[in-house]
Each structure stands twice: as C-alpha cells, then as structure tokens.
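A single structure is presented below for examination.
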Amino acid sequence: MQYADIVHRCFRCGYCNFTSDFQDFNCPTYNKYRMLSYSPGGRMWLINAWLNKELQWSEHFADIMYSCATCNNCVEECVQNKFNSYLSEIFIAARGEMVEQGLVPPTVRDYLKNIQLSGNPYRAPAEDRGKWSEGSGLTRFQNDEYLYYVGCVGSYDERGQKMALALGKLLIKAGLSVGILGSDEKCDGNEVRVLGESMLFEELARQNTDQFAQLGVKKVISLSPHAFNVMKKYYPDYGAGFDTLHYTQVLWELIKLKKLNPGQLEIRVTYHDPCYLGRHNGEYRAPRKVLQSIPGLSLVEMRRNRKDSFCCGGGGGNFFTDILGSGPDSPAAVRVKEAVATGAEVLAVACPNCAKMFEDAIKVEGLEDRLQVRDIAELVLESLKD
Amino acid sequence: MYELKFDPELCASCETIDCLMKCQYISFDLQTAREERDRLNRGEDSFVLHDCVTCYACEEYCQFGNHPFYQIVDLQEEKGIWPTPKPIVHSQIKMYSPKGTFEPKEVEGTAFNMCLFPDFRDSIKGKLFEDTTQLFGRDLFCNLVYLHYAKASVIRERVPQIIKNFASCGIQELVCFHDECYATYKSWAPAYGIEVPFKPVHLFQFLIDRLKENRSAIKKLGFKVAYQRPCSTRLVPETEPMLDELFELIGVDRVPRKYDRETPLCCGAIMRASGREELADEINKKNIEDMLDAGASLCVFNCQGCYAAMGEMVAQAGLRPILVHDLCKLAIGEKV
Amino acid sequence: MDRVYNALKEIVGERFVSNQQEELYLYSRDPGTMDPVWPDYVVMPASTEEVQKIVMLANQEKIPLVPQGGGLVLSGLTIPLKGGILVDMKRMNRIIEVNKNSRYVIVEAGCSHGLLQSYLNQNYPDLRHSLPDSPPISTVGGNVCIHGSGHLSQVYGFHSDMVNGMEVVLPTGEICKIGSCSTSPYWFARAPLPDLAGLFLGWFGTTGIMTKISLKLYPHKRMKDVMLFLTENPEYISDIIYKVTDTEVAEDITISCAPKPDWMDGFQLTSIAIVGRNKAELDFKFRTIRSALASYIDSREGGFMYMPPAMKHNFTEVPLRSTARFADVKKGGGFEYVGAIMPVDKFPDAYRAGHEIAQRCETTYSLSARIIGRAHCMMFSCAYAFNRADKADVDRAKQALHETNKAVLELGGIPWKAEFPAQQLILERMDPNTLRLMEQVRKLMDPNGIMNPGNWEVK
C-alpha cells in the first residue's frame, strides 16, 4: 500500500480530533462515534495493524475506513508536520487496498458500479444530464471562454439542479462567454478517487482531459468544490492544460468588474465552508466576498469557520454511500444546529452536496421554520430580481 | 592561520583617535582615549575590551582603514575576555557550524546568497528577483556574527571553506541578501588576507540595477522612512550612498534623524545576548522615539536580525517595519 | 449472545459499546512501550448513573473495570492487565458550573483539558486552569488520578493539589461526594473535613471512578513572555532554581537538555515563564529575575538566550504542540518517559544518570524537569523516542526506561505514573506498613477486586 512506511508514525496524540482552539471535536466521525477507532489516529493504528496482519479485515473495519469524510481537519490539526499532509491520502490508499481485494461495503460497491455502467451514481441516462439547463439560456460549449462543468449532483439531484440553474442564469446575465457539455458531460471522478478506485478514476480523468482538450477548453467553472478539487489538483497528472475555478471565485471577479451588481437582500446569513473548497484548496475569501457584496445581507460566522469548519458529513463518498449515516449526532444535524445558534435565517452553501445534506438534516431536526439552505449563486440571483 | 592586517605604528601616529572618541557607548576624553589606544596597541588589557558593545562603528570611524574593531576582537579573544556569557557563545558556535557536506549547486542566472535565512525564501520572488538562484545553509553562512562574541578564530577557521563552497558553484558574482555576508567578503576577508575569488554584490546595488530594468513599473511611494542602519554596514560604509540612490529611485524620503548616518543605534539583540538588557531597552527607546520625532511612518531594515529584534517594537510604536527588498517590491506594485 | 455485552448495550446504547476486534485492539495498548492486553469490552458512559450501572454490572459479573481518560498516560496504566471492561470516559465531558468569584469549575471527569481551556478563554477570560504538557485530549479526571502537573504547578503544586472536591462512583457502586460538596451545595474546598480525596488521587483508578471534579481556577494574566537561561554545568541548576523561585515572580519553570539539535548538546536550558496584566508588570518581573541571576551572567557562566519575539510562541504555547512531535524523532510514532518526582538538588545526579543510561542503551533521549511548587520538588523526566515498527528499538527504549526507574529510586526519587514493572520496584521499597495500609484500603473499598486490577498490587 502506498504510504505503508508512514502509518506506524502516528503517535495517536489526538490533536487531529479537534478544532484549532480545542473547543470542539471537529473530526465528523469521532464527534459522532467517540470511539478511538473513529478518530484519524485510530484509523492510522488500525491500518497499520491490518497491514501487519495483527488484525483481519472485517465489515466493521471497512465501515470505519469508509466513514471518513476526507474533510482534511486531521491534516490541518495534526502536529506531525513531517507527514500530516498525507493523512487523508493514507485513508484513501487503505480504501484502495480494499477495492483491490474486493472488500468494500455494499454501498461503495454499488456507487462504483453505477459510475462504471451509467457514468453517474444515479443510474440515470446520459441524455438526461443536461436537462436541468432548459430555460437557462446556456448552450453547448463552442469555443467559449469558459466551460461550465456541473457534475453529477448538479446534473441529476433535484437540489443540485436548482443550484446549477441559478448559477447558469447568473453567468448568462453577466454576459460571460460560457457553454456546457450537456449530455456529453462525464463524472469528474473525485468521489471515485477518494473511495479508492484509482483505475476507474484514471479512466474518468483521461476521458475528461481528452474531451476538454479536443474542445479547446481553457477555463473551467466548477459548480462543485469536489470537481474543482480533482480537476485542479489531479487532472494535471493526466495532461490537463486548463485552469479550474470554483464558481464563487468567478462570481467575485464578475462583481468586482461590475458585470454583476447584486441588489438589496435584507437577510441574516451564515456561511458554511465546504471542505473541498476551504481546507483542501484554501479558498475562504471569495464566497464571503460575494455574500458581503449583497447590500443588506448580514453575514454572521458560525463558531467553527474557515479552517475550523465542520464537515457536512457528505465528503469522502459518504454523500452517496451514507456510511457515516444520519441521526441527531450526524455531522449535518450538528452543523445546522450550529447555524441556528448564530441567529441566521439562511445557511449559505457553495457546494451541491452540502446543500442536500443540510436540507435533509433541517427536515429531520424540524428546523424548517428557522433555517433555510441557500446556495450563494441562488442568493445573488435572488438579489438581482429586485 | 590568517593574520589581521593591522598597523600599530599607523594607529599610534593618529592624533584624533576617532575610533574611541566617536564611540557612542563609551565616553572618553582625548587623554584617556590616547592611553587606552596605546594599551591596545601594545596588546595590553584595557577597559575598552570589557565595555565594548561590539557595534562595529570604530571600523568606520578610523580614517586610515586600520581595522581597530577587528583588532579589539582579536585582543578580547587572546585575553579570554567574554563579552557574552560562555554558554551562549558555545551554543551559537555549535548552532551555526558547517555541516561539511556541501554539494556545489548549479547556479542559473544570478547567484543570490540567502545566508541562514531560509524563512525569507518566499519573499525573494517576483519581478525583481527573476532569474536568480538562491543559495543558503550552514555551509554558506558567513559566520561574521562571532565578532560579537570575541571569537574571530571561528570566523578565520570557517570562512576560507565557505568561500571555497561558493566558488565551487562556479560563480563570478554573489549577491548578498544579508548585509553581514557582503561585509565578510568585502571587508573582513581582505583584512585577514583571505582571497575572495568572486565579486560580492550588495543587495542595494542589485535592487538598484533591477529597479532600473523595471523603471516603467516603479510608482514612487512617497513614504517618509526611518532607516535602521545595522552594525555590519559600519564595515562597508561605502554602501550608504547606494541606499540613498535606491530610496530616490522608489521615491521614499529617508528622514534626517539623530540616530542615522554616522550615529545609528544598535538594534539591541547582541546587547541582550550579552546580558545588557537595560542598555538595550534604553537605546531601543531612544532610537524609536527619534524615528517618530523625525516624522517617519515606516522603519526600513536592511538586516534580518535587526528586523527580528525590533520589528515588533517599532510596530507597537506605530511604525510599519519593512525590509528594504520588500519596500522595493511595493514600489513596483507587488504585494509583500 | 454475550450477556455482558447486551447488558452494557442496555446501559449506554449500541453505538457506545463494542466487543469488536477493532476497538478492543486500540484500547489494548497505548503509545508507550507496555505490551498490549486486550479488554473484553469497551464502553463509553455519558452520565454518572451509567457509570454506576456499569460498576454494578462488573461487580455482579466479577469482571475487571479499567477507567480511561485521554489514554495518553504512555505508561500503560489503562491497559487492562486482566482484561474486562475498558471504560472510556470521554463522553462525560460537560462543563457543569463555573463559580467565578470563588474561582472554581465543576467538570465531568472526562472533560478534556483542551475543551476546558477553550471554554474558559471564551467565557471567563480572566480565569484559567493548569494544563499538563500532554495533548489537549487528555482529561481532567485522568490527570488528577495520576498526580499530574502542568504549566501552573510551579506556583500552585500538583494538579491533584488543585482539586476542591469530586464525585466518585465507588467500586461497590455507591455515588459518593468528596470535599465541601459532600455537605454543602458548593464545591469550594476539601477542608475542613477529613480529606478523603487521598483515597482516589494517585490511585490510578483502582479505588473507584471519578465522575465529577471541582478544579481550582487562577487569575489569567494575558501578557506572557519567556526567559531562556543557558548553562553548561548541571551543578548550577538547583541554585538557579532556588534563586528564581525566591523571586516569587516566575510562573512555569522547566529545564531541558537533549543531544538534538546540536546546539543543545551539553547545555541546560532553563525556561522561565512570566505573565503580567501589562507591560510594566512584565518588565518588573523580567528585571527581578535577571537580577536574581546576575551573578551567573557577570561570571559569564550562564546567560539569557536572545530570542526574537516571533519565536517565543514555541515556548509559551499551552499546550505545547512540540511535545507530541518528539514521538516522530525516530520516524516511529513512539515515546515514553520516566517522570521522576524528586528533590530539585538531585538534578545533577539525575542528569548524569539520564545521559549514561541513554548512551548505554543506545537510544535517543530528552531530559527535562518541571519545577513543582517553590522548588519543593521537581518532575524530572527522561524521555526515550522509539520506532514502533522496529521491535529491537522498542526493546531498547523499554530497557532504558527500566534502568531509569531503578536509577531514580536509587537517587531517592519516585517514578511518577509508574508502569506496572516500575510499580513493583516502588512497592518493593515501600514501608511494609504503608503497603499493608494500601492493601487494606483496597480490600475494604473493592471487595471483588474489580478496579483496574494489577495496578498498585504486589505481583
């Protein structure tokens, strides 16, 4: 296994479980289960024991490994600066080892199978992929300045589609030269990669980079931080020659250039940093700048923000595999309660996965009349209507 | 072993004894100065050897280039006088000892000597520093700091090899980020007859040349700045006009003040290491008050050590601390 | 079906009990050198009542119970030597009450030091508690159980001295209050009642499970600085400490000695923390301490190291992240130390012994001492890093630890939070009447012998 020479170096000191000020347990699985096994340090020791054959694989072992949301809080907080940057990658490598041995949980197996067979996790037809864009004014990419890449959740999930549409309308309104791929769009592979299926990921990465190259794509706007992450960090290994931007970065540029001029919106908003935009890629500023550019909008921070943001629980493939699960201690439930505590009426998000996770949690927690989940693009669009 | 080129007869013939009379930390009347000069010349003990704060200034004050400060340091060591507590000196000698495993580095473009300041690597980027190769590490450290510790023997022992290490990189010129490195190769090594087979280039000169190449990008800054002149510039006072030229290029006003030019005050770091905290506090206070009285809004540092020692203090006093290369980056619109 | 497992599930709910290999594996060992012993169950109670039910169950089943806090003792005190139920207390981490004017806080025993520090910073910025050097997940309960010490111990003593009172579940299942809270609604002191806290403090969980603790809080002066005094003669240290503590203005005082980095080899670095409400107070303390050590500076035998302000954070940070980094010195994720509680004037002997043992055992070491009280004693530690992937290296560290324990006892010190073999060395030397008293106390309190058995017992 890659990184096998590192796993034993974890001291299990526990910094990885916390926020930077130790006020909360910030590892989503440790916060929920509290057993050492569900902490990053526990995982390191278990992987080491499995590799050394001190422990045999079990379903429970696989669940522990696959419950990790790859939120990178441990990477941020681990004090062992000689190897802390590899922590999430070590967990992914252990998953890869299980994939190779055919030892993954059923929901992981199904997810990967669906991607392989249908090109998306929903087993939906490819021709439906661009349906969300009807009425948006967006057209097929044709030598445009930007490619708007939507991803599986934005294309097929009802909540994701609303986000995708809102952003599409904004980009058109701003007069941007932008196109989409519609039914030709393929899965970005971020979740495939973090679930440990490196072969399938390579295939997807190659397909996408080849397709983008053929079309002459120079700049990609990604709806999802997950696709943004994988295209920015891993696609260059497969010859990608384009720049990838998260949509909040583009919106902030458009606002600065006065191509978008947000209107009045009298609301109190708190913003949730998605892991793959924040901790994984260090972008904390653009989403806040966009929100702050909306006149009347008051932005309040949750106690855990920026590098200390608490994952929605949908990362690391859990959005689809649901191994981390729901319930009152689930990350999304904890997070929406934290959002309510700020007094905000809107929980702003910048990721379709987060949007869905939080909307579900709000329903389960019965907080519908106290908190609404709104994507940043939706908020900007709404402000323009006035 | 390399010997200092010091001429006692020349020293004895000096009437003004500027080296002692102009000292900012020990007061002399001419008669006392003469007596102590004569003692030093005869290689005898003198209170000068005990009270010297090692500010290097007498090297600049001597009109004959006769190296009175280097002579003081050699005498201190010879007589076992410790300006600084022994454990501090011993640990510092260990801390910066060469690793002895230097591999010549391929230099592309200009060789840029970062001395022992790897933390500043990222700040040496941008338009002004294009096409430079950074060199740093204990095997390239100038070691001149041991002048403060009466340990010239350590410098004599290490510098020839350091010079060889640089030379092994095939360089003709070496830009020095740290003022003290420049002083080592330009002043100290020649004073001890050590050959330097490359041309040391002062950071000021490098910045002037690069700014001229980017003249169109320069936006005059219009700042009033106080300059914290470091001890090492006393060994190479010829660099002072370079700084004036540099400031003029980027449009900053070096405010005239009591503690600049020929009478700057030490940053205090060495005094603190020597156990002279009260003196360090006093001169820091006088120095910063002087900067404020002169109407400066920034304090410009040329030495990374001074910056570390005084940066926070000047910031607390309301002055923005900035290193000279960062100031130049600001002038061409780059972020620092 | 497993009867005990089902009963535990009934008490705490399914998510918080395990008899699966993954949890049993992890709770069978700690990051130190002690060999693992597997528990049969791991359970995480959320309340005193749940703890009580678990204790009753253990009595009924005659099965050992091992309470665990942060699990970072390193010396295997929560390795279940005789199997049984491992009780991870970290779900009981609530901060129950802060009495600001009486300066105490009541916490559940599994409350982490990190959480308490953060809570006080946010809600009571004028108050603070003493943190150990262990990582922030270490718990208040676990630490007082072992007579821990921390960054305020030079001023206020051991962490166990800072306990005002506690709630304990006795080995027979009764919930018992100790200190003023046994008689009053307030948890302000152990006096004037007979001090029953001694039945629990320092007993490694062999006499009951602490569930709530009242801890003393102290004024929090926000400005802090550190003075680093360097010497190269260990004989000077006890005098230096005497002089510095005599000023009564220093806070934490530690001495560190290590062969790495190079510039530390052969030196003793005394780190003296000072705090103040304002710069004038800080300056006064700074000058006072400098003047106390002037004779060393004048003779050039010792001096304050100059440290740029930006680097001081590496010394003033609480908890100190660099402590955990020592585990990676050998790229092997392990270290353990003998922390000996001993008189300060034994420093030179302990220093020499530490060096000799490390050399003999060919292992990487770090020596340090924390002053407790006004130099009433010190916690002198010899820490050995090891690579857990290399059995020979682990054995070398284990041998060094064993030799250090013996050397410490020879010097008149006592190993702190002693691992099982070191406990045996201590018990061998203990006054027989003291030992008998300990045994009688144990027998009386824990008739079924269920509480962390193996510890504080003659083999």
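So that you can tell them apart, the chains are marked A, B and C in the order they are listed, and the count of residues begins at 1 in each.
Quick note on the criterion: a residue touches a chain if its C-beta (ideal position, glycine included) is under 8 Å from a C-beta of that chain, and two chains touch if they have at least 3 such contacts.
If you're wondering where the values come from, they're calculated on a predicted model, not measured in any experiment.
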May I ask you to sort the chain touch graph into line, ring, star, complete or other?
line
Ranking chains by how close their C-alpha centroid sits to the total C-alpha centroid puts first chain C
Whole-Å distance, C-alpha centre of chain B to that of chain C, is 47
Expressed in whole Å, how far the mean CA point of chain A lies from that of chain C is 40
Between chain A and chain B, the Cα-mean centres are separated in Å by 52
Which part of chain A faces chain C closely enough to touch in the complex?
8-15, 17-18, 21-23, 33-37, 42, 45-46, 49, 54-56, 58, 60-61, 64, 79-83
Residue numbers on chain C that touch chain A, as the complex places them
15-16, 18, 20-23, 25-27, 31, 42, 44, 70-72, 88, 90-91, 112, 114-115, 117-119, 121-122, 135-137, 321-322, 324-325, 327-328, 331-335, 387-389
In their shared complex, chain C is touched by residues of chain B numbered 82, 84-88, 90-92, 94-95, 97, 269-270, 272-275, 277-278, 308-309, 311-312
Within their complex, state which residues of chain C touch chain B.
230-232, 261-267, 286-287, 290, 296-298, 300-306, 308-310
